[in-house]
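Both complexes below contain subunit A, partnered by subunit B and then by subunit C.
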Partner chain A sequence: MRFALSREQLDFSRSIGALLAEADTPGVIRAWGSGKHETGLALWQRLADLGVTALAVPERHGGLGADAVDLVVALDALGYHAVPGPVTESVATVPALLGECGEIDQAASWLPALASGASIATLAASPEAPYALDADIADIRLCVSEGVLYEFDRPSDAPLSSVDVSRRLFAVDSLQRDEVAAVMLAIHRTLPVATLATAAQLLGAGRRLLEESVDYAKQRFQYGKAIGQYQAIKHMLADIATQLELARPLLFGAAVAIDAASPHASRDVSAARVATADAAYQAARAALQVHGAIGYTAEHDIGLWLTRVRALTSAWGTQATHRSRVLGELASSAGRAS
Partner chain B sequence: MTNIVVLVKQVPDTYSERKLTETDHTLDRESADAVLDEINERAVEEALKIKEAGEGEVTVLCVGPDRATDAIRKALSMGADKAVHVSDEALHGSDLVATSRVIAAAIGKLDSVDLVIAGNEASDGRGGAVPAVVAELLGLPQLTHAHHLAVEGSTVKVDRETADEGITHLEANLPALVSVTEKINEPRYPSFKGIMAAKKKPVETYTVADLGIDAGEVGLTNAWSAVQSASPKPPRQAGERVEDDGEGGTKIAEYLVGQKLV
Partner chain C sequence: MDLEFDEATLAFREQVREWLAANVPERPLASFNTARGFEQHRAWEAKLADAGYAAVAWPAAYGGRDASLLEWLVFEEEYYAAGAPARVNQNGIFMLAPTLFSHGTEEQRARILPEMARSDRVWAQAWSEPEAGSDIAALRSTATRTEGGWLLSGQKTWSSRAAFADSAFGLFRSEPDSERHKGLTYLMFDLDAEGVQVRPIAQLDGEYGFAEIFLDNVFVPDSDVIGEPNDGWRVAMTTANNERGLSLRSPGRFLASAERLVDLWCREGDPADTALGERVADAWIGARAYQLYTFNTVSRLAEGGELGPESSVNKLYWSHLDVALHETALDLLGPSAELTGESAPDAGRWSSGYLFSLAGPIYGGTDQIQRNIVAERLLGLPRESTASKNRGAT
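Let's look at the complex of A and B:
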């Protein structure tokens, strides 16, 4: 069995990377955070043209019906460039949820619109995701409560504040809503996809933080040498590189488990999420150390990744949630074995 | 139905260090990342636009070593329909005349070619003569340095832009050859669908013998010019440093006047 990514997956990753590298994502992120969505929506459309938004949509609904590994390849690239917007929800989770629901009337109009980039979806599902991201611009606004899927009205209030200013979160409880379908089982099956999507973006963001830090450590001179020549910096960055590199196979292994409908998929995904979030968070802390004072400034782009990692670390379940999920599944399988 | 052939070349990435091999002073292709030359991406984009506006088929033609399949795959994943790859050890070190003859012979193998599109020059050799030589060998009108291209019925119209002559408007009957500049368009990025579809597209491979060319007419030993020696570019001289002791502005102004820049 071949575990490396296929030539096509590598080509796709390069294609997304090339588009985003020229898209000034820091500028797009800042505008998005201040409620100016034009450049961000244009970027979403360009990503849709590459097929990113169609990956998780079944072919019969105008999508690509790609597998979870393809999705991870794409979302890792989006995380690397910190693309703003409801990426986890619109690109991965809502298509997966609608796919799990079987035939509900709205799916036939929502899914092709998501695939083409004509629509953007958001989803809140307590307790993992209590607030709806970007509910002011999403035109498919969904929430799951007590196993029932609702479509809710566009919020008119200002967003709640998030540690990541580009994450515009909205409380949904007080909004008018209409029932769509009962999704008790479907949401249970969909949570691993949301977790996987978050983990993939965390790995990408972590890789970016490491690369930026390595570059900066070569440029910044102190006491006559590049700071990267000092062991304190060198070893710190080498540790981060190791941690990210060890998280990567867990992430792709979890994607393979989802594709194979493995009974351990949920456990594997949560384990990968814990590892990628730990690695990305350590990368963020190291990046702030390496950059020193300039890393704290709002003007420097590194801060956009620092706050994104912090926010994603508790999106779709905190580290504690995922650790207890891993523990719970290990304990129950040990119980079955004895 | 417009049959378009796009000439593409795999070149060392301009971001990586490019050098010549020490043994025979040919391009060291192994030491640098190889990519589809950016100007060729624009040539492919232009061909795809013509195809999408009407009907047509886009064939990419590449002369290069085996690893050039990566560059061909990129062109196919952008949306070209099929490819021709001329790969032969004997071609190593060929000059642009020999290369052009091979390209012309490979184009001759294709049925009814209406339009050949090339980049105006490759970012490695930068001779910029291959498109003109190919046109001459095939007896096609050559419309080079195009920054705008339009196919109308059986004619092709081109705005030719060069630094020396400004803009000239050219028109020719098809079949014709056009070379494009980097101003012509912004190439698309390959989509997931395009990348997957490229796997199944036909790539025909030829040797020089298949094209009816004698191996004794190509290659380094038969090139009309030879590189005798090569040395790396000397490091840039340190600039003049002006310490600002209150007179900095004046000194900069004097420097600029001295250089006849203001």
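Let's look at the complex of A and C:
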């Protein structure tokens, strides 16, 4: 057993981090939210050049065929920098779904385009994900309904707005669509990948919220001392650090379970999602509390992470859905054992 | 990155599982905080030692079997899954022994460890004093130089196992006017030595889980000093890190409790009570998180990493997990939750486990101390600017 990231994985994480640190993601997020996608799409292309969008695409379709651990490394970094766009869908879930489907004619053109960054995909799948994120700019627009995969037309209406300004959501029911294939089994196998991708971004976002809070608590002086000296602040942040530290191994453990095709993969992914979302959400609440009124403004960047975490916490399954999945699988294994 | 055990580890797991299945007493032993239970547990430890399982991670020369950290974790998982007895000599095996490995002499190790492994000698800890709880550096008990050794005087309290144990270890102020962390010496002493008085203290459950120790010019030979005289604080930090960190509360213990909680939910839970169901799920997720976190720590240590302030993260986490897990079980049991002893559900496991769990956020450094450590040493938040002046002033 070696349950730690390799040097290559750490290097990969660092190079994504270096690229994104230079990218002014807060500015990119705000522009994306107001429908100005140029800077965001350029950033996506740079991530593609680094191999991020090719990770989940099989090698025979021009991708890297990387394992789920590598994907988590990348998506944690994207979450840390709050990269806008259909990350869960385009980088992780659609490649996984198409890879699971076997032979779909379109896959041969879609997958290489996703890998190279030439195309971006979105995906809606009721009941977990009823809205398609960024369907107006996605080149590959898919939805799954009753076990059937459809390609739907580009929407012309304005998006539904989200608590996260960068998340432009589209209802797909009224849009013209064409059947692609029956994917009953494939979507069942793919949902854990969407869950894992969401969890990875949540962990990254939670880490960032904690770091920003720690930095702010060192700089902000009240009553003549840094607020980070007060135990009320210290203890709150120590608890957040503890939650995040313990959520991280669940996340990587879930990725390992997917890579090993473990029978418990779905349970482990849901467990990771519950823990990362809880930790990230608590980090968001603490971050707002530490920043005080300035954190409550739309001018300050911390709100971009706070609202991202809130949005992701109910994307691709609620906490209740995932807890119930964990308990259900535990109870059925306990039943079999007795 | 993987979670696969190699063949040798799997074989070891199988061997441990078989031995435990054949040897774990069918009826639970009496609590080791009673005179009868203490001797039952001592006998169990001797049986473990005969089979080479009392301290698997120690060198074979001292009664261990040179197991790796990972094998030790596997042993712990099997041990708690099998419902084997609590470890009466845990103060010795998991706190004093690591200190001896780091700072003891070869003579001390050869003399102390084999009889510790068999629990021919059971150890109590003697850290706290009436005026030195969380602030252990405020301790006042003294060690005074005498020919061939030291004379110990003062008072220790909340000493786990001291009611029935044979020996104890702790810190004493050996430089008369020294302050705080300076001038302390780490010493071992016998609880039946001349000048020692032990007053057992009943805990919340009515049993004598700890005691006060009064010392009046108790002679301790030089050979029972660990490390250099006046260097006791540094030596003790080894013990503190072990108590907070990896070795005192291994994940296997919580994972076994979480699996039992899932079983309890399947037997007694109302499927319509989703709020309680979610707490059961959270308890298992928490135990699994701690298991994987520890696998990560072990992987890092195997590559030359060190256990630093993470040991406080560790302790904060498991102590809360343990409380939440047992609270959930009690809420599941409804009106029979308040019963204790043999007639209680699962022979009182949940009620006694609950009371025990409540001590977790206190011993080995309270939650509040651990949070300070995490905030200051892991997150780098500034120390409080005014507190130090007032410390130790009472």
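The working rule: the second predicted complex is superposed on the first by the 338 of 338 C-alpha atoms of A that agree within 3 Å, B and C clash if a C-alpha of one lies under 4 Å from a C-alpha of the other, contacts with A are read in each partner's own complex, and residues count from 1 in each chain.
To be clear about the criterion, a residue touches a chain if its C-beta (ideal position, glycine included) is under 8 Å from a C-beta of that chain, and two chains touch if they have at least 3 such contacts.
Small disclaimer: the values here were computed from a predicted structure and weren't measured.
Undergrad: Looking at A:Leu41 after the superposition, I want to know if it touches subunit B, subunit C, both of them or none. Which is it: first, second, both, neither?
TA: After superposing on A, A:Leu41 lies clear of both subunit B and subunit C.
Undergrad: So which one touches more of the residues on subunit A, subunit B or subunit C?
TA: C
Undergrad: Scan A:Gly335 for contacts with subunit B and subunit C and give back first, second, both or neither.
TA: A:Gly335: touches subunit C, not subunit B.
Undergrad: Between subunit B and subunit C, whom does A:Ala320 touch in the aligned arrangement: first, second, both, or neither?
TA: In the superposition, A:Ala320 contacts subunit C only.
Undergrad: Between subunit B and subunit C, whom does A:Ala241 touch in the aligned arrangement: first, second, both, or neither?
TA: Once the two structures are laid over each other on A, A:Ala241 reaches subunit C alone.
Undergrad: Go through the superposed model and pick first if A:Leu64 touches only subunit B, second if only subunit C, both, or neither.
TA: Touch status of A:Leu64: first partner only.
Undergrad: Regarding the shared-chain residue A:Leu5, is it in contact with subunit B (first), subunit C (second), both, or neither?
TA: second
Undergrad: Should A:Ala181 be classified as contacting the first partner (subunit B), the second (subunit C), both, or neither?
TA: A:Ala181 contacts neither subunit B nor subunit C.
Undergrad: Would you tell me the residues on subunit A in contact with subunit B in one complex that are also in contact with subunit C in the other?
TA: Common to the two interfaces on subunit A: nothing.
Undergrad: Flag every residue of subunit A that touches subunit B in the complex, lowest number first.
TA: 7-8, 11-12, 15-16, 18-19, 49-52, 54-55, 64, 66, 70
Undergrad: Spell out the residues on subunit B that touch subunit A in their complex, using ranges where they run on.
TA: That would be residues 73-74, 77, 189-193, 195-196, 199 of subunit B.
Undergrad: Can you list the subunit C residues touching subunit A in their complex?
TA: That would be residues 1-6, 9, 70, 259, 262-263, 265-266, 274, 277-278, 280-282, 284-286, 288-290, 292-293, 295-296, 298-300, 302-303, 310, 313, 316-317, 368, 370-372, 374-376, 378-385 of subunit C.
Undergrad: List the residues on subunit A that touch subunit C in their complex, please.
TA: 1-6, 9, 69, 210, 214, 217-218, 225-226, 228-231, 233-235, 237-239, 241-242, 245-250, 252-253, 255-257, 260, 268, 271, 274-275, 320, 323-324, 326-327, 330-331, 334-335, 338
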